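First comes the structure, then the notes that go with it.
Letters A, B and C mark the chains as written, and numbering starts fresh at 1 in each.
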Amino acid sequence: MIGLELFSLQWFEIFCGGFCVLAIFSFLAKENPFYRIFEHLFIGISAAILIMEPIRTFLWPQALKPLLGMDRIPFPDGTYPEPYAMSYLLFLVPMGFGLLYYFILSPRHSWLAQLVIGFSLGVGAGLSFKGIIVEMTPQLTDSFRPLYVVGSFGESLNNIFFIFVLLTVFSYFFFSFKRSPNGLMVKSSWIGRTMMMGCFGAFFGATIMARMALLVERLQFMIAQWWPALSQLWR
Amino acid sequence: MTRLRNKLIAFFTFIGGLYFFLEYILPAHIGGLEFGKYHEQISLAVQLIGLMAIGLGLINIFRVHGVRILKLQGGWFNSFVLLLGLAFVLVLQLLDFRRSEQRSDLLLEVKNFSLFVNRVVLEYEQKQIDYRPRLDALIDRLGVLKTQVKNSSSLLATGKQLDSERTEAQFVRSAEGAASATEQLKGALWQNNYRETKKITLDQLALLQSVTQELLDLNYEASPARRWGNFVFNGFFTPLGSAMFSLLAFYIVSAAYRSFRFRSWEAVVLMIPALIVMLGQIPHGPLYVYSGLPEIRRWLLEYLNTPAFRAIFFGSAIAGLAMSIRIWLSLEKSPLNTEETKQ
Amino acid sequence: MEHANPFALIFILLMGGVLFFYVSQARRGKDIYVRRIPGIDAIDETLGRSVELGRPIAFTSGLISIGPLFYACLSVLHYVAEKIARFSSKIYVPCFDPEVLVLSDATLQSAYQSANRLSQYDPTDVRYLSNNQFAYASGYMGLVHRENVGGAFLFGSFAAESLILAEAGQQVGAMQVAATTSNEQIPFFITTCDHTLIGEELYAAGAYLSNNSVQRGSLRAQDIMKLLLVALIVLGTIQATFAALSASEEPIAALKWVTGSWSAKGE
């Protein structure tokens, strides 16, 4: 690569990056010690990055820093732009409550962790009401399609097929109604399952090219960046 | 005792969901009262609760891998590599974090100089508080910052790079300009004719602020923690993630080979639309097979995929809603609770 | 900030009312029929096979976070773990999120306690891998291969890494059952796993396995609500068709009802 100095930090980035790719790809042959080392390295590095990230971007700036008053920088004369807001002390309540999670490590007191677990589940449930309805409503209204579109026979057929697929797939997901062996529900359910298989096949086909693009990008890196960087060692 | 505990857990579960349920169900204003007035603070508090569990991930990692190393069990070397990577990146992150915080504190301090000048003038006007020692403190501080640029361990020192030398010189000039303007403001306040001088002082401080930002950014990017952090990110984290992602290309071919072999009618129904969509996406499909393939592909994705996925979604949505009600009101016998599951 | 319109409120209250009705019926002993779901039967088959071969089980919830879906997965985890405990076999539960780790750990403890095998419970069976999608997938792949799992359950929420997780099990010859509401990943599970539960079947799995009256009553309530939704769609379609035939520019009644707000101001 033009301009890449041997043994510079950028050179090492590319050099190590290539070995990472080789290690992961070696798994395709067989699980091996080379892959294992990089797998563990990956987990260690990502665990560190993803443990620090919410602390840096959320816990510290939004809670701990204002709580400790460290977001207040004094003026040159020692006074402060604004007084310390005592309301920040309220952060101690959720933080203290959240620390109950650690009682899961104690066999005798693990029920205390259940309090915060229950609370979190309750929050998840409470939030999901809005999440589900907000996501459902536009899809529901979009399903009100006219079965006959004036002036467009093709569009009419499309809409009829759309509603047909929607209702037959829907019929597959009824669990508590008894079905007679050759009844309408059984047939409708069978058609629904067939439609789903067709749908899954179509979606499968649609994602293949996107996956190939990812491989092409990695191969480009190996050929256009890593190999030239590596070959600098013996040139 | 267990029943009391269960009731307490159910109570906390109910409280957890109550606010968000009411916040959605109730209108924005109820008789002049805004129910969601503290929504941001409550959401923050809820996020804080969840964030407290982060240490458990670390504890679990040490429990699994630390014990393996201490007892020299099988795979101990890999666990050592994991913990070494974890420790190294944690230290880098902490150093980088400390640097980043110092930088933002210094930037905020410089930004506050304008606020300080405004406050000094206002308090002199309203309460006759003596401005001289306060503005002298500002001038002294500007002098200290100017000196720090030359100090190699300072946040403001970047080493001998062309851009940084130019920016350092700019900073020194801005700091001198701001100090001089502040000195003039002192004189103008004494003469009670300071509006214009105050504006000049504020302009100088604004210029100082922008130069400080530039200098601190240069310094931060050049700092060892940042550079090593970038190395780990670009040399390991990103390539490993991208390589894992690209494995999908191999696996999707393997999955397709396994499935698309006409073993059952379901496989046939799966395969035919897959082939049509695949061929419809590439130039060779319409060129060598059938020119209408892209149109058929579009039709399949719009009129087969969409309603099927939608019907699946509706079913899941209703089930999710039912589950939410059951969890929230603790109708559900909890899988986490032994006493309940025995019933 | 969005708030519920009349349709949303009525829908939620109706869901609650119907749920309470059928749950109380089920609790009073009324038998509620639940049809056979083949993929769910495969859970026992997978467990039996793994125990016979003396190989451990892997249970993953993917990239899931705390919520109703995860709770449904915990029901299945409890069932699986209790069986594993009774047969003195082994289960690994790799986790993506620390909160998920806590709940999975609590569920596993509870399952072992239910089977009176708490002494066999090993806290390191539940492992935090990473919050990063592909680091998680990498760790899962390695775990499945090194431990040579005989059965894998992929119950939860997945993204692009779903195929990697499923292929890992496929490569070691594990019997796999997947269940997810992530529609985009279902095709990959269908082509790679032995059985796949689609969408709502994941929620139904809990009722089916536990034979729990609340869950069975809830299944019936869900079916009733689905029926109402179907009726609404049919009504909306009919209205839309008539509107198209009469060339009316007015929004149809069903649309107005679903999207209507409390006041003329749209609050």
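Note that in this section contacts are C-beta pairs under 8 Å (C-beta built on N, C-alpha and C of every residue); 3 or more make two chains touch, one makes a residue touch a chain.
Since we're looking at a predicted model, the values are computed, not measured.
More C-beta pairs touch across the A-B interface than across any other pair of chains. Comparing chain C-alpha centroids with the centroid of the full set of protein C-alpha atoms picks out A as the closest. Work out the mean CA point of chain A and of chain C, and you get 17 Å between them.
Centres computed as Cα averages put chain B at a distance of 29 Å from chain C.
Multi-chain contact residues of chain C (touching two or more other chains): 2, 4, 8, 12, 66, 68, 71, 99, 102-103, 106, 128, 131-132, 134-135, 138, 146, 186-188, 190-191, 198-200, 204, 222, 226, 229.
Among the residues of chain B, those in touch with two or more other chains are 24-25, 50, 53-57, 61, 75, 240-241, 244-245, 247-248, 252, 256, 270, 309, 312-315, 320-321, 323-325, 327, 336-337.
Taken residue by residue, chain A touches two or more other chains at 24, 27, 36, 39-40, 42-43, 45-47, 49, 101, 104, 114, 117, 120-121, 123-125, 127-130, 133, 140, 143, 163, 166-167, 170, 173, 196-197, 200-201, 203-204, 207, whereas all remaining positions touch fewer. Residue ranges on chain A touching chain C, taken from their complex, read 24, 27, 31, 35-36, 39-40, 42-43, 45-47, 49-50, 101, 104, 110, 113-114, 117, 120-121, 123-125, 127-130, 133-134, 137, 140-141, 143-150, 163, 166-167, 170, 173-179, 196-197, 200-201, 203-204, 207.
Per the touch definition, chain C reaches chain B in the complex via residues 1-4, 8-9, 12, 15-16, 19, 23, 66, 68-69, 71-72, 74-75, 77-78, 98-99, 101-103, 106-107, 110-111, 113-114, 123-124, 126-128, 131-135, 137-138, 146, 160-161, 163-164, 166-167, 170, 181, 183, 186-188, 190-192, 198-200, 202-204, 212, 214-215, 218, 221-222, 225-226, 229, 262, 267.
The part of chain C that touches chain A in the complex is made up of residues 2, 4, 7-8, 11-12, 32-35, 37, 65-68, 70-71, 99, 102-103, 105-106, 109, 128-132, 134-135, 138-139, 141-142, 145-146, 184, 186-188, 190-191, 198-201, 204, 216, 219-220, 222-223, 226-227, 229-230, 232-234, 236-237, 239-241, 243-245, 247, 252, 254-255, 258-259. Residue ranges on chain A touching chain B, taken from their complex, read 9, 12-18, 20-21, 23-25, 27-28, 36-49, 51-52, 54-56, 58-60, 62-63, 73, 75-78, 81, 90-91, 93-95, 97-99, 101-102, 104-105, 111, 114-130, 132-133, 135-136, 139-140, 143, 158, 161-163, 165-167, 169-170, 172-173, 192-209, 211-212, 214-215, 217-218, 221.
Residue ranges on chain B touching chain A, taken from their complex, read 5, 8-10, 12-21, 24-25, 44-59, 61, 75, 77-79, 81-90, 93-94, 97, 100-101, 105, 108-109, 112-113, 115-116, 119, 133-134, 137-138, 140-141, 227, 230-250, 252, 256, 266, 269-278, 281-282, 297, 299-301, 303-315, 317, 320-321, 323-325, 327-328, 336-337.
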